[in-house]
Amino acid sequence: MSKTTSKTNAGNFFEDFTVGQVIEHATPRTITEGDRALYQALYPTRFALPSSAEFARQVGLERHPVEDLIGFHVAFGKTVPDVSLNAVANLGYAECRFHQPVAPGDTLRTTSEVIGLKQNSNGKTGVVYVRSTAVNQRGETAIDWCRWVMVHKRDVDAPAPDTFVPDLKPVLEASDLKVPAGLDFTSYDFAAAGEPHRLGDYEVGEKIDHVDGVTLTDAEHMMATRLWQNTAKVHFNTQARADGNRLVYGGHVISMARALSFNGLANAQLVAAINAGAHTAPAYADRTVYAWSEVLEKGETEAPGVGALRLRLVATRGRDESMTLRGDDGKYADGVLLDLDYWALIPV
Amino acid sequence: MSKTTSKTNAGNFFEDFTVGQVIEHATPRTITEGDRALYQALYPTRFALPSSAEFARQVGLERHPVEDLIGFHVAFGKTVPDVSLNAVANLGYAECRFHQPVAPGDTLRTTSEVIGLKQNSNGKTGVVYVRSTAVNQRGETAIDWCRWVMVHKRDVDAPAPDTFVPDLKPVLEASDLKVPAGLDFTSYDFAAAGEPHRLGDYEVGEKIDHVDGVTLTDAEHMMATRLWQNTAKVHFNTQARADGNRLVYGGHVISMARALSFNGLANAQLVAAINAGAHTAPAYADRTVYAWSEVLEKGETEAPGVGALRLRLVATRGRDESMTLRGDDGKYADGVLLDLDYWALIPV
Amino acid sequence: MSKTTSKTNAGNFFEDFTVGQVIEHATPRTITEGDRALYQALYPTRFALPSSAEFARQVGLERHPVEDLIGFHVAFGKTVPDVSLNAVANLGYAECRFHQPVAPGDTLRTTSEVIGLKQNSNGKTGVVYVRSTAVNQRGETAIDWCRWVMVHKRDVDAPAPDTFVPDLKPVLEASDLKVPAGLDFTSYDFAAAGEPHRLGDYEVGEKIDHVDGVTLTDAEHMMATRLWQNTAKVHFNTQARADGNRLVYGGHVISMARALSFNGLANAQLVAAINAGAHTAPAYADRTVYAWSEVLEKGETEAPGVGALRLRLVATRGRDESMTLRGDDGKYADGVLLDLDYWALIPV
């Protein structure tokens, strides 16, 4: 009498991808002032530019951008059902650039091009490389990035594709960065921003302990992850993993650490690029996240008064005042959750 | 010296209602983009139309509607202090129609007319039937619906009113549905919406397992319920029930199940009507909600390219891949939380 | 190779303050419709004026104000990193006035002037008195208030400053209140507001039990506190206190109690002033907050139909139907969390 059909999305498997394939991801999404408020509720962010429309105007931006990571998480979330629903692991990011700020009223849609494939020697999985591009309603690129994920094969007997590993920059140069049109830090208000430190006050190699910690809750990380329309089951469902824990979305840890980094990096107002990122250990509710940063590089931009600071942002479970990234064995130190290499824009 | 007075609302009891009585409910409420964002944070919704202002424009809607259930929950919440504060049970819904989409900036107020009364044979309670209407600031009906609740008598010796049971349609017909002005699905973007299935791809009797589950938290269901200004104590207060649990608002389960149904019903963009609904078991935090749907009926509308799909939406505690609604005894199967009969609009 | 520096904010200590000193606090913040929605999600507020743009218009306000306490919490949060990061205790508030409503689009920044100093006899701490002023983007005062906090000395050998204790009004008079421009309650809609009680229906000395309770969760109080960009560690971090509890921000309790007070004070639409406030006991997750009010004074304003009601708002852990503020020993009764003295605007 009744019949059961499968109209649901089972995601793509390794043999479903071909180099050059373009995937238009579902669910365009309009960014709103509600996203800004929820981001403020979920993360202890105090960067003046996304907090204050007046501050944004004073540094030359007509529209009031939301936190750059809102755009990133939304754009990234779109790719999950098609790219990583059957992923074994997220292996890496590269060449992520923020081409222009995202502001309320912008609608983002994301497409991905498959730029590389490599079947693993076990014949059961393979690595898929994609370049994803989030475009706004004016057809302009807002954000693009590469990532590579290890994906299951549906059929282990499916033939292996030709191996093609794309040539990705390990690090973008300051000259690769896109500075928002109109941005001008020459009359920057340091008192409003909260700290006096300019680009010149930071030294390569310097480490900054951001001091404060936030204890995670399940309700908060689920709300964040849903807000970005990220559908990976393990974040929402205690029945999806043997240990009964809901795994915290890696992007939640990125945003938490970036917000905590205000204390010491208050003038690193905008994220211009993400060079690389590794989620080095899982995070769960009831753990307390802290963060520290290391200055990796300093650069210039053509915008008046705007410098670029390349930072390593490290999130840890519990505070590590020694700010140790790796042990003597070269492995990430116990408690390191995130190792993110990014470029921020800061007054010179 | 000081005196204690009772200025608080004790709600209405059975003998306070008379057939024909009109109750203007308190607290008109303006819908905002904040409601949209919170809904996205609380439910895993990915329907393209409420997610994207561009998608809405492409299907002919000038303003960007919020999820239809936002309007329903807000409008419904208004009736609680007057109609169901002293309710023993919510017995049913019928004839709920969405007359036009609700968009940010709209202010809803709700009035209810008592359309039926029937004292129970025990003399202690009675059933009150109301037709409630939510009107926007332009004086236009946004949503109307009937519901009936069993309400305590204040005084068991109060005389029984004449019994009057209204004649309500068990199911609205497709021709009863209101299609939003301008809606046109003839150039519908299936890639943006996420699935290729049109009205014609669904068969009456077909069942769809929506696969994914979400584990409930107290913080989230309380936030949702407050957002709709629903004041029923049992949702917020561990001291209000003997077991110390906060009962999850039934509307939270409806929204969760509707959002989960995206996976298989991504093109069922708008809720046009609710024919009937039963909250068949209580839900609490830490339980994992899954959903399945059954196609009950297919219909046409006069709007270009717009068809109507009548669906049974079932929420369950834990996944039931057998999608069993009732046991051999005719009772709802163990784990069924919600049985909702509704009409959705979908491309033909 | 790498060096550790301290670019983070360690806050001010007692000897860092001088009478007459003006501190411009960081992070101006634009209020949005997202703040309104989150406030509705976090507190069971049903006051018609902040809920409905139409209601606000009908009482003469062109823009739709958010809850007054949103402005207060945001403005207050700005002062924490500079004034009370090293506080032992928040000792009191006085002379808090709401000069004009805050509406979405307004950007608030806060400055504080040190108006008093008094070193404690132990030589280790001192009391700092500040008058803080939140100004909007038009340069107009939105809210100002005084508070005094006990702050650690960095160096116990630092010399004591001259003692100066400012002369603060224990209670503002009705004639001190600022009524929003245009406010007119002569054609006030009591049905929409939810209760019939006017100023004249309340008697000095009258107490109102607000009946309902809400059980606190960690996710919710953290979201609220972050939304106001309040950075005090004890609210977010289970490792910051020996007992492993996250202390609920006192402002969360204020907002919860004010929202609960709707039931009996539905027409006390606007908060015009806070005369004094004491957080008399800590609050934690899983405790259930109730509220009661006492009418302290009645006054007039020059705005048409607008009266002033001075109220004591008391939050309790668990319901106290006896509404006992203090025991026979003069100390706050067990379970009292908050004792707030404020002025509300209400129809005459």
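Think of it as A, B and C in the order they're written, each chain with its own count starting at 1.
By definition in this document, a residue touches a chain if its C-beta (ideal position, glycine included) is under 8 Å from a C-beta of that chain, and two chains touch if they have at least 3 such contacts.
As the structure is a prediction and not an experimental result, all values here were calculated from the model.
Taken as a graph of touching chains, this assembly is fully connected, with contact between every pair of chains. Superposition of chain A on chain C using C-alpha atoms only gives a rotation of 120 degrees, nearest 5.
Note: centroid distance chain A to chain B, computed from Cα atoms, is 36 Å. The residues of chain C that reach two or more other chains are 32-35, 37-38, 217-220, listed in rising order.
Interface residues of chain A, counted against chain C in their complex, comprise 32-38, 40-48, 51-55, 64, 191-195, 197, 201-203, 205-215, 217-220, 263-266, 286, 288, 294, 318-319, 323. Chain contact summary for the complex, chain C toward chain A: residues 1-5, 7-9, 24, 26-30, 32-35, 37-38, 81, 104-105, 107, 109, 137, 217-220, 222-224, 226-227, 229, 231, 233, 236-240, 246.
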